[in-house]
Each structure stands twice: as structure tokens, then as C-alpha cells.
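Labels A, B and C are assigned to the chains in the order they are written; within every chain, residues are numbered from 1.
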Amino acid sequence: MKRLIEKLVTISSPSGREHAIREVIAGEIKPHVDEMKIDPLGNLVALKKGKSGRKLLFDGHMDEIGVVVTHVDSKGFLRVDSIGGLSPYMLLGSRLIFETGASGIVDVEGETVKDFGEAMKSLDYDHIFVDIGATDKGDAEKKAPVGTFGTYDSTFVDLGKRLVSKSMDDRIACAIMIQVVKELEQPEDDVYFVFAVQEEVGIVGASVAAFDIMPDMAVAIDVTAGPDTPKSFKRMGFKLGGGPTIKIKDRGSISSSRVVTRLKEVAEKRDIPTQYEVLIFGGTDARGYQTTGRGIASGTVSIPCRYVHSPHEMVDYDDVLNAVRLLKALAEEGVE
Amino acid sequence: MDLSNAFGPVGYEDEVHSVIRQEIEPFVDEIYTDEIGNLIAVKKGTGKRIGIFTHVDEVSLVISKIDERGFARFEELGGIDPKVLISQRVRIKSRDGKERYGVIGMLAPHLQKKETRGEVPSFDELFIDASINPDYSKIDIGDLAVVDFSAFEMNGKISGKALDDRACAAISIETAKELSKYLSTPTVYFVFTTREEVGAIGAKGAAESLEIDLGVAMDVTHHEKESDIEIGKGPALTVGGPNIHKGYFKLLDDYAKDQEFKVQYEFGPGRTGTDADNVQIAGSGVPTLLLSLPQMFMHTPVEVVQISDVAGTARLLAGFFISLNGGESL
Amino acid sequence: MKLERLKKLCELPGISGFEEKISSFIKETVEDRVDKIWIDTVGNLIALKKGNGKTSKKLMLLAHTDEVGLMVKKINEDGTLSFTNIGGVDPRVLMGKKVLVGESLTPGVIGFEAIHTQDRSSILKTPSMGKLKIYLGYSKKEEASKSHRIGDPVFFDTPYNEIGDYAVAKSLDDRTGCEVLIRVLESLDGTSTDFDLYFAWVVQEEVGLRGSGVAANQIKPDVALVFENTTAGDNPELPDYRWATSLGRGPVLTFAHSGLVLDKKILDTIVETAKSNSLSFQYKSRIAGGTDAARLARVISGIPSGVISTPSRYIHSPTSIININDFLGVAKLASILVKEGKVLSR
């Protein structure tokens, strides 16, 4: 499955510009699903029919965080703003890739040592710029005009048990879902696979993707923190390698207890390691499903991930494999 | 008081549902829970269709980490002031259904440095001492905790936890009882919502699934000298403003004055921070009213409401609903 | 319930200056076992079990009956009560609690303004004691004044509970000490000591070690053993090298505390006794805090003493915790020390 993961994480598709990743995902799943469509917002929705008459929905978001060019100056340097929660600190020392193919390097303004120090203390997008190696404004405008979207350049590394790359959030979920699509032969319920758009800018795609489906249960798959590094958040107790997590709550939603219980039941029945997760910040697409129409019982299965929203997000490969097993098991056992 | 003592953290209100079912069953035609976890009781009638929305989730805690010695870290479910958690006893409910105990402790003050005495520990510094349970190793992330406080009566008032918003749920149940005294009533949906404390999520789903002509939300409001709202003076009617339907408000206000019910007024310049927010903009929109029960010490274990306010509001609502249908009584 | 009598003791209201209920309960419990028993002018309960006369030395066992609490300072116009602390009570342990006011033990609550209306920047600031009020359901001063007055004592309301090896209650400081004394007395049934043995259940320790000196003056003991309740700092917010004591490691022996270094010979005797009886114990690793021993050292010609304590978490709050085995360890160690009387030889 590592090659599939590498294929997905290396694509550059920030929120609102998901066509590149959507094409690749569609190509992967098409031979294995009964129906597939793209909805008005761009969500990719696929269906594998089951026999119970009930509906289960899996969701992973296709978009990643990124930047957009807001200004090209007279010397050919770019100004950008963030798409989703991309910290300007993470940009320093990173390489950006734009949808036009241009490569960018980021640095900070500072006319004096003091100014530079101040800017570094509270860094914001107003004080950084991007250099794409353009010789002048004209050259820059050809390479990355205003409105051009960009993301971290790809950085996939296979460390054996651990995998590192940009956009594990949330391509790892897409990879997991694709794998489930390929392996799932006998779903109990109708299983919908929603590859959602624009989660990073406000859970947009997931707020409406299920409106016409209204499944009996929705499970979002996303990454969560990795609070097992030195002196990491003392209030959170889950870790990499402890298994995919069953989320209890984050700042976006409180998982429906029905979903939590069912996931745990299925995991115990099939002997799949899991851990419970309480995240003291953050949110997932589950919130979108809870607030769709009359409400859908929703929860989240998360992959513990260190260094989220940096160019080098790290996950545990066994957690990923177990997540595939868990979701496949849920689809085979059914929501009830 | 049974409602107050019931264990019902946000998203896990089953125990409260049982208490409500028992109380309201004789007075309604149908009771069910919906997808998102609301409990809905239906009294079938004729004429107008009205929904009463009160939330039954309480602010509470969820365990986010537990160490080898049995000390747990936690996160809030809904907004709690860390100051009122210090030195409290808590009831911890685990997934196996078992209840265990804990104490939210703090180092004895006379051993603290002078600098720290002026500051209250935040959620990052607080902990639940669950080490006293012999089987504390069975406590896991995701287990829920509420402050162990038994409601009690005090001079015509009740002090207890979760009166926000179970006191209003009680009003809802009492309204059902009052309505049963009439021969013909409107159709009333008594909606006991979930997840109000984290954004009125339950109310949104409920309002979208029911077809109602009027939505009446009931929540608690602050007993406060500045806004002239006090317990003991009846419910506060919210004067809108964007979130309130002016037509229905006038009808309610006129009815109250006519029947000489004690009421107070509260202003609502925008969203009210209650179920009313989401009820009004659900689906194609629902005319919405908000009645608030004045309460002291909101979101602490010792919330206080006046018993007469509860009974009085139920009679007001029941009478008002009947009047909407043109009025009729036994 | 393993410790029925400790439960009774902890649940009785007895803050400094209002210890009568505790003293009378203990008096009733022990009077048949002692030769002489009296309550002095400040309220100390003192009992004597005469020895067989082989020596004229006197040993005094001491514990304090008072707990910390509050006192009504003012009845406000709106019917609430303003209060001040009796003994060391930090305002941070008071919010959102039920209390009992006056001899009538009328229930009330100490609430706090809802978080929604507080100024964001001050949510984590400790409120002053003056900002907190007791609400009993009255809305006017006249109503409240009918049943309450300035100076009324205010007690915490916490039921005693045992869970596994632990007890959770209020006033474990120092009802555990009081109970140790009673148990020592019981363990001497049918025997006698060479020396005269005095039991002093003293008052007002929490407001300045005030009862112990008065008791000592009436007894004039040669040596005293003080049984206290001391703080355990074993919570996850403190690294272990900063814990004063911890639960589950046995009785606490103090070598020094605020205002006094305890007598070395007595300490050594206690340590030896514990070791030779295979009783586990721990030392108190912080110098902070004080006991009646500091007062005893400063009365008459100075009374040397030993201090043995039950470790307890969250003392001076409505909810403290002890490990029952630690407590039983203190009682056992105390009985052996009294029976052997070695502490008296100096």
C-alpha cells in the first residue's frame, strides 16, 4: 500500500483546487465501485452496494493546506496568503510548488536587526515573501500570477514502520478508503465513499455531501495529533503505533456514542488494536455530517500523526493497515 | 431534582432520557430518539404545530489521558470555569457502565509559592485523582465525569448541577401535564435536545426533521442586577431582534399580561447562544420564541433556580398554546 | 465501612472555636477507660490513664479537634452572607460548594458568576475571599438576619466515603489524629504503663496552635507525641523530588518543620521502633507547615516532642484523601511506642 500512499501524497491539490487529486482517486476506484459521481461542489462520491437496505458513509478529505499568490511585486517576488491552517513559520525553510509548476522559497522581511527579530517573534503573512527565481515582474507573472495556488513541495520518505510526507492530512485517509474499496467484497450495507473538498478551509464539502444520501452512520477518517513526542501535550494520552483511534471528541464535534460503541465492538470482534482519542483542539468532517439536514450519527477514526500541517507529517504504517482492516470490518459487519 | 442528579454529559444523555420518559409518558402519544440523539415526545392535536426545545446535556468532563498512578487529565464538554472544579468530587462513568470516584485536587495552598496563589490552575494543570479506586487501571480515555453534587431545596429554591437546562426540561414536562387538562390542544413536540452546549447541534437536526409552525426554545439566563433579571420574578421573554418572531412575541406578551402572569424581559440583539439560534434558521425557517428561566451561578455545580418560576412558566406556556388555537378548556 | 468511628468524627462539625461536638463525642467514647477526664476553659479535652507508679514521668499524646472553616462576617443587603476564613482556607477551594451555616447547620451554597459573563482576562485569577458570598435563598437582609448573625460558623459539607484502600472526607486533618489517640487507649485495655499517660484532644491548632500550650500547662509532661495529618504532594503537577510525602508509604515522621527541629532522640526512638517492628514509614521531605509541637517547645521549660502524621492529599479543602493503611500504620506505631515507653528515656 506504500506505493498508493506515495502516489497520493505527492500530488499538489490545495483546498478549492482538488481536480488533480480527484482524477487520480477516481482512476483508482472506478473499476471497483458500482456508481460514482462528482457533486456540485466537487466532492467525489462512490457507492458499493450492500444488502441490508441501510447506508454507511466513509469520508476523507482530498484537499491539503496551501497558499495562494496575492501579489507580484516589481522585482518578481510574490506575496501569498494561507489556504487553511498553514503556519507561516512552517514556510521558512520549506519549498513550495505552485500549480503552474513554479517552485518557491520563502523568507522574512527585516530592514534592521530589530525589525527582523520582531517579525520572527510574531510571524505573519504580511512579513514574508516568496522567491520563485523570477528575474522581474513579467517573468514572475508568467510563472505564478496572482490567484495561483501552491502547496508544500513533496517530501515522501519511507522509514520502514514510519512514513513521512506532506499532506498525510488527509491523503492517508484517501489511501485507506481506496484500499477498502479495492478489498471490500461483501458489504453488509450500502457503503458510500465520499472524497470531500475544502475541509481545511471550513469543512465545506462534508457539510453537504450527504444531503441526498442521509446515511445511517457516517465515519470520517482524518489524522489526529501525535502527542507522544518529548514533553508533548500533557493532557492527551494516545500515541503512534497504538492503533487507529476511535475519536471521542475534538473541538469540532462530540462523536455519536453509537458510532464509538459500534467501532469498538467491531474492532474487538476482529481483534484489531484501537485506542480512544480526546483531542483538545481541531475538528474533522464528522461535524459536517452531524449538522446535515436532520442530523446523522457520526464519528471519526483517526490516524495518529506527528508534526501535522508541517511538510513532514509522520504516521505509523501499522496504524494505517489496521485502519483499513477496521473500516473494512465495519463495512462487512454493518452499522447494526 | 431527579433530572439534576441524572448523569448526562454532552452526547451521552441516556440516563436523563430514562427519567424524562418516565415522567412524560402518561401525557404524550409517542416518544422516540432521533439520529443525532435528541429525545422527542409527541402530543398529537389539531391546529398549530409547536415545538418546545430544551436541552438536557450538561457541562461535564471527559478523560483525555490517565497515568500509571491513576491521575487523569481531562477536557471540558461545554464551557466550564476551572475555578469551580477545584476540590470537587466527581463521578466517573466508564464504558463498562461502572461508576468510579475521583477528586479534583490542588496542592495545599500553604505549600504553594506566593506567585502561584494568585492564579487558578487552568485545564492544563488540573487533574482528577482517581488513584483511590482499586481498579483505576480500568479507567480509559473517553470516560466521562460530572461533579458529584446532589440537588437540594433551599427556601423555595433548588440548588444543583445541570439546572441548565434540565430545569427547563422540567418546565417542558410540566407543560405536557398542564396540556393534558384540556380537551383539544395543538400538536406539540417536546424536544429534549443534545449537544446544545457545543453549538445547538441537536436542535438543528430536530428542527429540520419536524414540520412546525412555531418553535419555542427554553434555556436559562443569568440572574443579574445589571439587566434587572432576577429569580422569583417569572420567566424572561426575549424581545427580538433578529432571533425572535415579532408576531408570535406580541401574542405571547399580550397573553401573559392579559392573564396576569409575572414575566420579565430580556433583549436579544442577535444570536441568543441557545437552541433558538439553530431552530430559527433550520430548513426553510421556523418562527421562534425564546423564554429564559433566571438562574444564579450558571455552569457551576450549585446553580440555583426558583421553584415557583418553573411551575409558573409551565402554566403560561400551556395556556398560551391553547390560546393560539383559538382557546378552549376542559 | 472500615473506620466507622473516623467517619463519625469527620462528619461532625468542629471548626476552630466551635469544637464542642467533637469533644463531647470523644469524651463519651473514652470516659469509661480513663481515671480522670475534664474539659478546660478553652475547650481542650484532657484525660489521664494512671500508670503503676514505677516512674513519675509523664507522657502526653496530642491531637487537635478543630478543622478549618469559615465565619460569617457580614449579612449583605441582598440576603447573602460575606465571610472570612477560620484557619488556612484558600479561596480557590470554595467555589461551587455547599456549606452549612450556624449551629442550625442551615444549607447554603458558595456560587460564582457564570463563566459567560466574566472578563476573559481574569478567569484564571484567584478571586479574593471578599468577592465570594454564601447564598441561602434569602433575598433581603431582614430575612437572613432572622436565622443568622455575624460570627456564625460555616462548615464544609462533605460525606465521609471509603473507596478501596482510601478514605475521602473533610477534616481528616486532624480527626485522624483524634482517632489514633482513641485507638491507643483501647489497645491498653487490661494493661498499665509504668508512667502516667495523658491524652489531650486540643482546640484551635488551626488558628495559631492555641490550645496545646494551655493543655500542657495543666499536665506538665516530660515528653509529648503529636499525631497530625500532613500534606502529601504526590500529584502529577509536581515532580517527585518536590513531594513532601506520598500516600501508601506509611506513617510520616517529621524531622523538622516551620518553627522547630524535632528532638533527635525521640525521632531516633520512633525510627528504631518502626524498623524493629517492620513497619514502613516515610520522612516528610519539606520543611513547610507546622504543628502543635512548635507550641509545646515554647511552654513551661520546653517540652520535647515527636510528630507522627497520616499523609493526606488536598488538606485544608472540603475534600481530602488518605490511604487507610497509612492511618492504621500510625495507630499501630503509636500503640507500640506507648506500650514500650522508650521515648521517655532521655
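Keep this in mind: contacts are C-beta pairs under 8 Å (C-beta built on N, C-alpha and C of every residue); 3 or more make two chains touch, one makes a residue touch a chain.
Since the model is a prediction, treat every value here as computed from it, not as a measurement.
Q: Name the shape of the chain contact graph, picking from line, ring, star, complete and other.
A: It is a line, because the chains touch in a row without closing up.
Q: Could you tell me which chain's Cα centre is nearest to the average position of every protein Cα atom shown?
A: B
Q: I'd like to verify one number: the distance from the centre of chain A to the centre of chain B, where each centre is the average of its C-alpha atoms, in whole angstrom.
A: One centre to the other, that is 35 Å.
Q: Could you tell me the distance, in whole angstrom, between the mean C-alpha positions of chain A and chain C?
A: 57
Q: If you average the CA atoms of chain B and of chain C, how many Å lie between those two points?
A: Spacing between the chain centres: roughly 41 Å.
Q: Got the chain B residues that touch at least 2 other chains?
A: Residue numbers touching two or more other chains: 73.
Q: If we count contacts the way the header does, which residues on chain C are in touch with chain B in the complex?
A: For this pair, the touching residues of chain C are 88, 90, 92-98, 107-118, 123-127, 135-139, 158, 161, 163-166, 168, 231, 233-238, 244, 247, 286, 288-289, 313-319, 321.
Q: Using the touch definition from the top, list the residues of chain A that touch chain B in their complex.
A: Residues 216, 234-238, 246, 248-249, 253-257, 260-261, 264, 275-278, 280, 290-291, 293-297.
Q: What residues of chain B sit close enough to touch chain C in their complex?
A: Residues 67, 69, 71, 73, 79-89, 100-101, 103, 105-111, 117-122, 125, 127, 129, 131-134, 147, 149, 152, 154-157, 159, 222, 224, 230, 232, 273, 296-304.
Q: In their shared complex, at which residues does chain B touch chain A?
A: Those residues of chain B that touch chain A are 10-12, 34-38, 62-66, 73-75, 77, 95, 123-124, 140-142, 195, 198, 201-202, 204-206, 208-209.
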